[in-house]
Amino acid sequence: MNYLIDIVLIALSAAVINNFVLYYFVGICPFIGVSRRVDMAVGMGCAVTFVISIAAFLSWTITTMVLIPGAPISSFIAGFFVSKEAAATVDLTVLSYIVYIFSISSSVQFVEMYVRKFFPALYKSFGVFLPLITTNCAILFACLTIMSNVAGVENPADAWDLGRSLTLALFGGIGFTLAIVIMSGIREDLDLCDVPEPFKGAAITLVVGGILALAFMGFTGVDSGLRKAMTPAEEVAMEMSVEPIQTAMIEPNLQQQIRGIND
Amino acid sequence: MSKISEIEGAGHEGPTLNVAPSPHVSDITFTTKRMMTDVLIALVPLVAMSVFVFRGYAVKQLVVCVVACLASEALFVSMRGRKITLTDCSAAVTGIILALSLPGTAPWYVGALASFVAMGIGKIIFGGLGMNIFNPAMVGRAFVMIAFASLMGAGAYENPAGVVDAISQATPLNAFKGSGVATSVFDLFFGFTNGSIGETSALAALIGGIFLCVRRTASWEIPVGVLSCVAVLAGLADLSAGAGGYVLLHHLFGGALLFGAFFIATDPVTSPLTPRGKFIFGAGVGALVMIIRLFSGYPEGVMFAILLMNAVTPLINRWTIPHPMGDA
Amino acid sequence: MGFFGSKEEFPGKGSFPHGIHPPDNKFYSAGAAVEVLPNPDKVVLPLLQHIGAPCEPVVKPKQVVACGEMVGKGQAFVSAALHSPVAGKVKKNTVVTLANGRHLPAIEIKTDGDQVDPKDLWKEMTATDWSFSTVSDYAPDEISKLIHAAGIVGLGGAAFPTHVKVMPSDKQLIDTLLVNGCECEPYLTCDYRLMKEAPYAIVAGALLAGRAVSAKEIFICVEDNKPEAIEALERATQDTVVKVAVVETKYPQGSEKQLVKAVLDLEVPLGGLPSAVGVAMSNVGTMAAVARGVMKKGPLTHRVVSVTGGGIANPKNLFVPIGITMGELIDYCGGLTQDAARIIAGGPMMGFAFSDLNTPVTKGTSGITILTHAEAARGEETSCVRCGRCVDACPMNLVPTRLAMAARYQNPELARQYNINACFECGSCTYVCPANIKLVQLIRTGKAQVAATMKK
Amino acid sequence: MIEITIGIAAVTMLGMAVIMSYILGWASKKFHVEVDERVEAVLEALPGANCGGCGYLGCSEYAVAVVADNAPVNQCPVGGEGCANEVADIMGVDVGDSVPNRPVVHCGAHFEARQGRTEYRGEMRCAAANLVAGVQGCTFGCLGFGDCVSACDYDAIHIEDGLAVVDYDKCIGCGACVKACPRVIISMTDFHEDKIPSVLCSNLDKGKDVNTVCTKGCIGCKACVKVSDVFAMDKDIAVANTDAYRVEQEESAVEGLEKCPKDCIGFIGKNAD
Amino acid sequence: MNAIQRTNLGQAWLVLLLALLFGMSLAGVQAALGPKIEENKLKETLEKVPVVILGQQAADELNAKGETLVITPNTVAVEKGPVTKYYTLYKADFKDGTLAGWVVKTKGQGYADKIELLVGMDADAAKVTGLFILDQKETPGLGNKIVEDAWRAQYSNKETTTPFKVVKLATGGVNEIDAISGATISSKAVTKFVNQAVSDLKPRVAQFKDSDGKGVQ
Amino acid sequence: MADQPTATERFLQGILPENPVYRQLLGLCPTLAVTNGMQPAITMACSVAFVLICANVVISLLRNLLKPHLRIVIFTLTIATFVTIADRVLAAYLYQMSKTLGPYIPLIIVNCLIICRCEVCASKQSPFIAASDALGQSLGFGLALVSIAAVRELLGTGGLFGYQLLPAAWPDWVIMVLPPGAFITLGLLLGLVNWYSARKSGGSI
């Protein structure tokens, strides 16, 4: 139940409340560049959603399997050279950016070639957007968010699993689609408006984006409101209870002990 | 042909002829200006009620917003080097609606900045009257709502030191969301509660709104869509969560719902063109209002709901292109 | 709903969705009985007065022609022959600009020699002795051939060659013939006077046309603001299969798709003709011409024209030879008043304004409406506020403001999405527009843009 | 410890690079799709930033458009001029060396020359006014509402006293005005010389009919044709043979021009008065 | 040679070389800067511990004397039905070994996003000694006032026997916290986290009294 | 090929005539995201400058080895490396700022500005020219960021770099430091720049 709530809230947050484009400003380039016509925007949105899901899968896999300290593959390799314990501490997260961008661009290229060969009709309608996506920040942003929720957490239980990661990516992509489709609808209407010359094109698009961001702020807090509404009353009471149900477990902290500040 | 040629002869006293495309006659009684005048007339009960309940606070907001709206419209239009068209009353309508949507306690610069933004970013930047995508008054209000969160937030409506009774209470929606207190439906209906100065009286909004719909200046589909959707969702919320003394009528009469449904959502420029589209638009506003009221951090969602639906209006238009007669 | 017509007579509701109710202003000329104009000094006959291919001149300059002699031959199938309304001498070929802006070659004939008195023609028309019983003597294709020979086209305004409409066809079976006497255009009264004064000719024509298309039912459709015409027709249709259908007074009731909807409750498919739903439709004036063309073998050389409006001294209904100039008609009606502002060929909703008084009357000219400044007054154009009044008015259920804006900002793709080609330019949207935008004119330019992109 | 981390990082990167390039290389062979080799070549020449700045969806669509639809070669904002030249080379487009192709307005009547002009109360655009009879008597001539002016991105055509006049100093010959004119009185003409003679009328009617609508219309009198071989008759209207015109014929053209009783022949182009 | 060139890998030799080089250099960078970054992360929290426990003034005095607190981090898992909640509990000792107090690091959903905060308690967990907001994205001008000293000071030196309660107008009741005007949700959220942390950990601190870091290594 | 601009010309071009933000609309994500204050804006500008200059020089050195179909891969690899270095350095020495900038530092990798300069200039020019081009472009980018940040921070907080500049009575426009303020400010400034350059070249509104 809790897991389900988590998934729903991650989805809602990524798609609407903290919309990738309107809240985090990622994917602005296509948001301005490819929002002139609704059908183009829909194609772009679908392509991004598709690629972002693939990228999320890849980045989650690579992060948990290779990059984080104690990841199975890297510690297996390291295990040949040094002791098991030392191998478990090998931290490759510094490579994450370069690995992500590498895998994104390769997978985009692969998917493009594949679709082009086997689904020419599909390629015509949305494949042409694929190469544009390599440089779309939204994809990398989703990977980074997943990384920070996998590698950057203090408590292992908080780390995201594949399901949460994919939800974030999928609904982040849907949120992007939502924003760009709304924007393209508005821009098609703006073609019939007497916009002052200096504001034509990108400037008015940005202003409209601002008003959209303003409107989307109305959703702030919907996630906590929903969580409250969805959590059964007894669970709320339990979480708030003064007495824990079970005895606390004591675990040694892995972090190195630091004496004082100025050491 | 002699007589004709006399008539035709240039410079004589004959009739001056002109040519024009068909049709050559038009319904000259119904003009854009009359629509705006209708809205002004329909606003009279609301303005009267706001002045009655909020006294000086209301007068101040109205004066500030109307003056600022007219001045900014004049300024921006002349910046574009166009003819200044204050006489079409649209700026005045925006000013009054904006003023009515502000709390009485807000300082003067809130109304002034809101008017400036409403006219600049909400209207003229899109090309002026008839071109704007978003309702200018709501753009202005949303801007100051976020900009001066502490002056416009739910809590800011209360001013214990206020000289008017209403202003020392909590707004009905905030009282409910914050502490689960339900205001009496009677007060909500007549408007003796705190809130934005024009939104308190359900009665006044109904009178003005029905006038607009009867005059066909506003399309009835939109308010019907909003109210029916809110009624359904509020009814469901009541059933599922237990009303806590807060019932469907509170949702209908409380907050800016009626004011928004009849006066802001019906802004023809920013709502869809076809009757079907208008109903969808209204229903969307209603649904978003309820989502925001029930779940979000804001006690009221009319403004955000209308802005959001304004944004999808082009898409609604696109997807509700009517089938011409004879099109299967 | 109707004065006389009861609901059972026809399946439709007597009305159609949307539409407008402009003041009909028919009082100017409704009371004026049709007067016959004496033969003019000359007539100018443009070679294209109908929809379709222009006709070829069959006379040479200086040739002498008799009254009713063919001067232009319609070579193509969709075309109509042209006959001289007067006897006289053909002058040098010339060009004229019609009221609808067409710039065309024309045949000019100077009146000379033995003339047929047009009064006799009118008398023949208004006679009550049109024999309905002889209708069955004509074979359907014979009727069609005779109509072709008489050069008859639709006299309601569109001027579609009538023989094409009444051509018996195996492919498209026709059940119903609708005779259009709605005359929904404000001001115009020519059809009204014709129905009142020559109902028997109309009924005879309707029976002939009905026989040509083998229609099972024939309705003469009249709006309920013309009780006297209805009465006259009821009298004339006694003991015949022809029924009078009374429909609501509403603009554009006389448009074919709207009338089919109102009377038969059928929808003519988009881009199709009424024949697609088994309906043939023709104007009352055309029916009278058919009666004469078939039974008297008389070509279409004269027609009834209303000269009406506040800008003319004495509004009249006139029986005039085709080819006479508009100026002469105005002259005959006492000339323009001081406050005349606009001369329109046709009615004020769909007619064409023109300024050259030498423009000739054509087969499709149903009237000349002269508006005063007050009548033609139109506020200054303001921005569209998307109020949707035009959407409520459009009888075709379109979104006129979108079409117009798409045309203004040259976006033919958008115009096509919104079905611009379904618009038949009735002008309802422009009539109601509170912002006084010339929607119809813009839509017309939009259609041209769409056509241009289609070509590419 | 550091060595280990560096080593493993290097191994990981190398491994990834090997895997990726192997898969992609395999895929590019396996999924190969035949395309016009010029498209490939143009694509190579383009930057590949896929920014969409050209108005197309990414570089490959632009490349296809260049090859298939003759899209202009200079649309890439990222690649700039160098890229445009490369693409032009591939396409074999000839950029320089041609005779300037400029619009000529075939009407010379200002307001006062137009007979039968009426007050017009409609949409103030030529395309719209062209649908109304009697805006002016002549059904061929310039309407003067300036559709061409708004079509011009270079501020090179203006309405002067009811007549469209090209500013040949600013004009780049894009042809937008030609497309905009509903009466088709603007045509693109090769300017072999800076200024060329032109018949400033489009009215195809006979002289008598022309005279009723315009004081400056060509009446087909053949006066110019008789004195100068620059001009020829096309049924009822005179035309200037601009393709063959060279500066040596100027005197002859002037002679024809002076003979015109209606003053409807003139020189146009740069430096033409 | 040609055979090699034609293979995919041969074509991509530069990519491979660069990947190798860049991978190595990045690992080098990480090796050089990694410890410093880790230290920054820890310092961010630890720096605040004396302030939260002792108050700004006492912490400054301690600092001036050149003394520091000995801080031992522990992870505590509290199971509450289906959910397990993790806290980081810092034990702070004076140099002489006496227990100075406890700091709990906790976080939860605020109005806009997660709020991460430190709650200081005295040695017996009988009093809340202070509060520090580590990370928040609340509405500027409204909710983000939770970081202001004046508001946070309301929690200092309050008994933990009764939970804190948010009120609009303080009536002088026990452990009443003035809500930030217009940001009741943020105020309530923070108060809720403090109450939870206190109630969850108050009974547990005794178990950690002996842990001095070395003991649990 | 036409005359290639010299190093100085390229440097000057980047600052105003070809300003990456206002004229080329490149790299808008960070432009919007980090301009709610002067400090993050300047930090971001410096990071971009560092990455751009390093990447340009490296690519320029490698320019003769580049294969057409692999060049983009090499660009991204190089850029990603330098971005990682910048990110780590910031985390080590400006920890608070690195936290504030969050994911926007790694997102420099996909900043079109850098790929664009690598493609247009660095892959064809000598290291010196490439470096001056990069410097000019980064200055232009920095200027744009600073101009937006100045407006937003001043209106949003009443001061710059955290120092109060406007009178204390100034009501802070909180919206300016929030996402909508970013969009609106950039949109209006862009309009202003367009208007100014149109006026300079004699156009009208």
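The letters A, B, C, D, E and F name the chains in turn, as written, and every chain counts its residues from 1.
The rule is short, and it goes like this: a residue touches a chain if its C-beta (ideal position, glycine included) is under 8 Å from a C-beta of that chain, and two chains touch if they have at least 3 such contacts.
All figures in this text were calculated on a predicted structure; none of them were measured in a lab.
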Touch-network distance, subunit C to subunit E, counted in steps: 2
Pair joined by more contacting C-beta pairs (D-E or B-F): D-E
Central chain of the complex, centres being mean CA coordinates: B
Farthest-lying chain, centroid of Cα atoms versus that of subunit C: E
For subunit A paired with subunit F, centre-to-centre distance based on mean C-alpha positions, whole Å: 24
Centre-to-centre distance between subunit B and subunit A (centres being mean Cα positions), rounded to whole Å: 37
Centre-to-centre distance between subunit C and subunit A (centres being mean Cα positions), rounded to whole Å: 67
Shared-contact residues (touching 2 or more other chains) in subunit A: 29, 91-92, 94-95, 98, 102, 134-135, 188, 196, 199, 204, 207, 210-212, 214, 217, 220-221, 224
Of all residues in subunit E, the ones touching two or more other chains: 11-12, 15, 19, 22-23, 26-27, 29-30, 34, 111, 139-142, 185
Junction residues of subunit B - those touching two or more other chains: 16-21, 80, 121, 125, 128, 131, 143, 146, 148-149, 297, 317-318
Contact footprint of subunit B on subunit C as seen in their complex: 16-17, 20, 22, 186, 257, 261, 267-270, 272, 311, 325, 327-328, 330-331, 335-344, 348-355, 357, 369, 371, 375-379, 382-389, 391, 395-399, 401-402, 417-419, 422, 425, 427, 430-436, 438, 440-441, 444
Residues of subunit C that touch subunit A when the two form their complex: 405-406, 408-409, 411, 414
Subunit A residues touching subunit B - in the complex, by the definition given at the top: 38, 181-182, 185-186, 188-190, 193-196, 199, 204, 207-208, 210-212, 214-222, 224-226, 229
Residue ranges of subunit B touching subunit C (in the complex, touch as defined): 1, 3-4, 7-8, 13-28, 30-32, 34-35, 85, 88, 128-131, 217, 219, 268-269, 271, 273-275, 278, 317-318, 321-328
Subunit D contact footprint on subunit E (complex, rising order): 7-9, 11-12, 15-16, 19-20, 22-24, 26-28, 30-31
